[in-house]
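Going by the order they are written in, the chains are A, B, C, D, E and F; count residues from 1 in each one.
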Amino acid sequence: MVYITRREQFSAAHKLFRKEWSEEKNNEVFGKCSNPNWHGHNYELFVTVKGEQNPDTSFVANLSTISVILREKVISKLDHKNINLDVDFMKGKTATTETLAVEIWKQIETPINQLGCTLHCVKIRETENNYVEYFGS
Amino acid sequence: MVYITRREQFSAAHKLFRKEWSEEKNNEVFGKCSNPNWHGHNYELFVTVKGEQNPDTSFVANLSTISVILREKVISKLDHKNINLDVDFMKGKTATTETLAVEIWKQIETPINQLGCTLHCVKIRETENNYVEYFGS
Amino acid sequence: MVYITRREQFSAAHKLFRKEWSEEKNNEVFGKCSNPNWHGHNYELFVTVKGEQNPDTSFVANLSTISVILREKVISKLDHKNINLDVDFMKGKTATTETLAVEIWKQIETPINQLGCTLHCVKIRETENNYVEYFGS
Amino acid sequence: MVYITRREQFSAAHKLFRKEWSEEKNNEVFGKCSNPNWHGHNYELFVTVKGEQNPDTSFVANLSTISVILREKVISKLDHKNINLDVDFMKGKTATTETLAVEIWKQIETPINQLGCTLHCVKIRETENNYVEYFGS
Amino acid sequence: MVYITRREQFSAAHKLFRKEWSEEKNNEVFGKCSNPNWHGHNYELFVTVKGEQNPDTSFVANLSTISVILREKVISKLDHKNINLDVDFMKGKTATTETLAVEIWKQIETPINQLGCTLHCVKIRETENNYVEYFGS
Amino acid sequence: MVYITRREQFSAAHKLFRKEWSEEKNNEVFGKCSNPNWHGHNYELFVTVKGEQNPDTSFVANLSTISVILREKVISKLDHKNINLDVDFMKGKTATTETLAVEIWKQIETPINQLGCTLHCVKIRETENNYVEYFGS
């Protein structure tokens, strides 16, 4: 069993807030992240896949193929977008990095596993100080 | 003459567009950066100051003092904000990194130079692939 | 279960030596790290916490709150300090990065877990070539 | 149990291809990585070792000793070399990062474990977007 | 006058040697970089352009356009290639980073300057310890 | 004229204080950097040299030779040392990064220039937020 990781990036706007809460309550819970006019980040996405090496190629999976999947299913939907407004799989959800990791997992689990390997981890680096990892359960 | 540099960071939303132009024209010129719903970045700001060493402290200037100026004049206005909507010194301007560097220069030139040194460069890193530098003229 | 990580930094002096040993013996075991006049590092601290997402906030825990705990319990005691001489929780201990990771774990386990999540890992990067991780047992 | 990691680096040439396959087939499977005239990378190697802290030194193991092992067994054979042509432990193998991680594990497992600790992970970063990890089985 | 910089990357093989010299002489001068079987690097290319801001766009030049030029004129010729064997503009030249910077300058000076700005600097990072910059004369 | 840069690193302890001043005055001017028990950093040193390319080697200078000079004249004196107590060329001086850059310049100017090139810049990165550059006058 070998683990391989692909890094991709996207630049997006978002805010943290709940419609059910007042602006004061949102500000109390989410602080500056609740700015009504949005803010944004350069996000780094690290997707880790595990599996046996293919005896013909010595690959667990071709990282170029994984990159194609990530770009189609995730990056094209998030890059230079508003996470709260523009992203189908984030509609109606709070745009925390935790939720983003869980929802990205759902988008890519099937196509990744169809390559004959197993999705292991979705990691997102929101800033150089803040990271989130999700392992599927 | 010695040059000293302080790095600060801010996370902000923006879009590139001109009100005078149609959405098509904006998209033609600015591409995905013109997304009407905004996108965002983790910006890194590098401010370089030059001067003689103070014979008492051996400092050109105390980088902690420069950091206080940058936080008051720049970072507090940009961090977790929308550059187009929330930032007084960017009102009515196109939110390119070039303009941001020039306008940040204007905000900090006087308070930096009052420390007895000379503002030399404002550098902004928008993504790991894109940088802008402004030297004041 | 989602894992979230907060990075903090501190710059500190230390040396590796045992009082029971001669300077020669210390030098033989710890090499240049035993320099009697100290040396120092920019340490990076990565603290990983795991838990379920709070249904109200979508957070495992607010990383700003974790940062406040880390600054109060760890960074304020280590930053711009001498690890051997100035830090209460390192008194009488050899100042290796391994011991530092274990002792930082002890300082933060209770306040982190009181947030309703579970401390998972304390990781310290001493130089760009040397890292230590501790998972609590 | 504490985990410690040492980073080393090497710059090497390689290509991905199977002698049994035509150039077209190699190009179809391995893409630009199959360029007959080679290409190359700055590889980063991260070796993680786990164990109890030695009560005399507070070390799991001296990272300087681990560095000496890595340089003798791995780096001296790979740095400024051709992975396909010059490296004894890669002879006859496809030079993917996956295979490189597995074969480096075999080179260092015995000497690392003789230090009284246990080899835990061999991680290789081939580019800033591609990583491989191997945990020994 | 504002300066803007675009970063691109390429992974390539090369060796340092002169055909006129014996293998011993090449080894004496170029050390491990003269390995006959090649070695390689992940190169980072930073291209800096200077100019006035366009009053319509606020850009000095669109960094996407500069990226297209760099990919067409430089990256497509160097990425996953052998610098000594595969690259037209390096034929018959010693493949030092100095020469690479000068020759990349020649490839891009005309198309960059046709954008209405001025090529200022070609910088190449060969490893995390070695950089070269060329300013055109 | 081409510019080449070599990066080296050292880990050292220091403090900022003047003997002529009281502890209160030192604390007022230098803040936490004046901690009597020292603190420390992982310093990065970037030395830039300029010159014409040697027609035989295509090098401005061999960066391996520059590295040997830097290690002998600078790194061996600073690495795992106390800048205030252990370093001959810093004796009696305030250990700011500005002074360190100027004094390192003096140590290496002659041996670098004897290689047939010209010392251009000494840059020191003290932390990821603080840098100093010195160009020799």
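Here is the rule we use: a residue touches a chain if its C-beta (ideal position, glycine included) is under 8 Å from a C-beta of that chain, and two chains touch if they have at least 3 such contacts.
All values derive from a computational prediction rather than experimental measurement.
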item: Target chain C, source chain A, minimum contact steps; value: 1
item: Chain C to chain F, fewest steps along touching chains; value: 1
item: Whole-Å gap between the CA centroids of chain C and chain E; value: 42
item: Whole-Å gap separating chain D and chain E, where each centre is the average of the chain's CA atoms; value: 28
item: Inter-chain centre distance, chain D versus chain F - centres from mean C-alpha coordinates, in Å; value: 34
item: For chain B, residues contacting two or more additional chains; value: 128
item: Inter-chain touch pairs (all); value: A-B, A-C, A-D, B-E, B-F, C-D, C-F, D-E, E-F
item: Residues on chain D engaged by chain C in the complex (per definition of touch); value: 1-8, 46, 48, 53, 56-60, 62-64, 67
item: Contacting residues of chain C [partner chain F, same complex]; value: 9, 11-14, 32-33, 35, 37-42, 79-82, 85-86, 127-128
item: Touching residues (chain side chain C, partner chain D) in the complex; value: 18, 29-31, 93-94, 96-99, 101-102, 128-135, 137
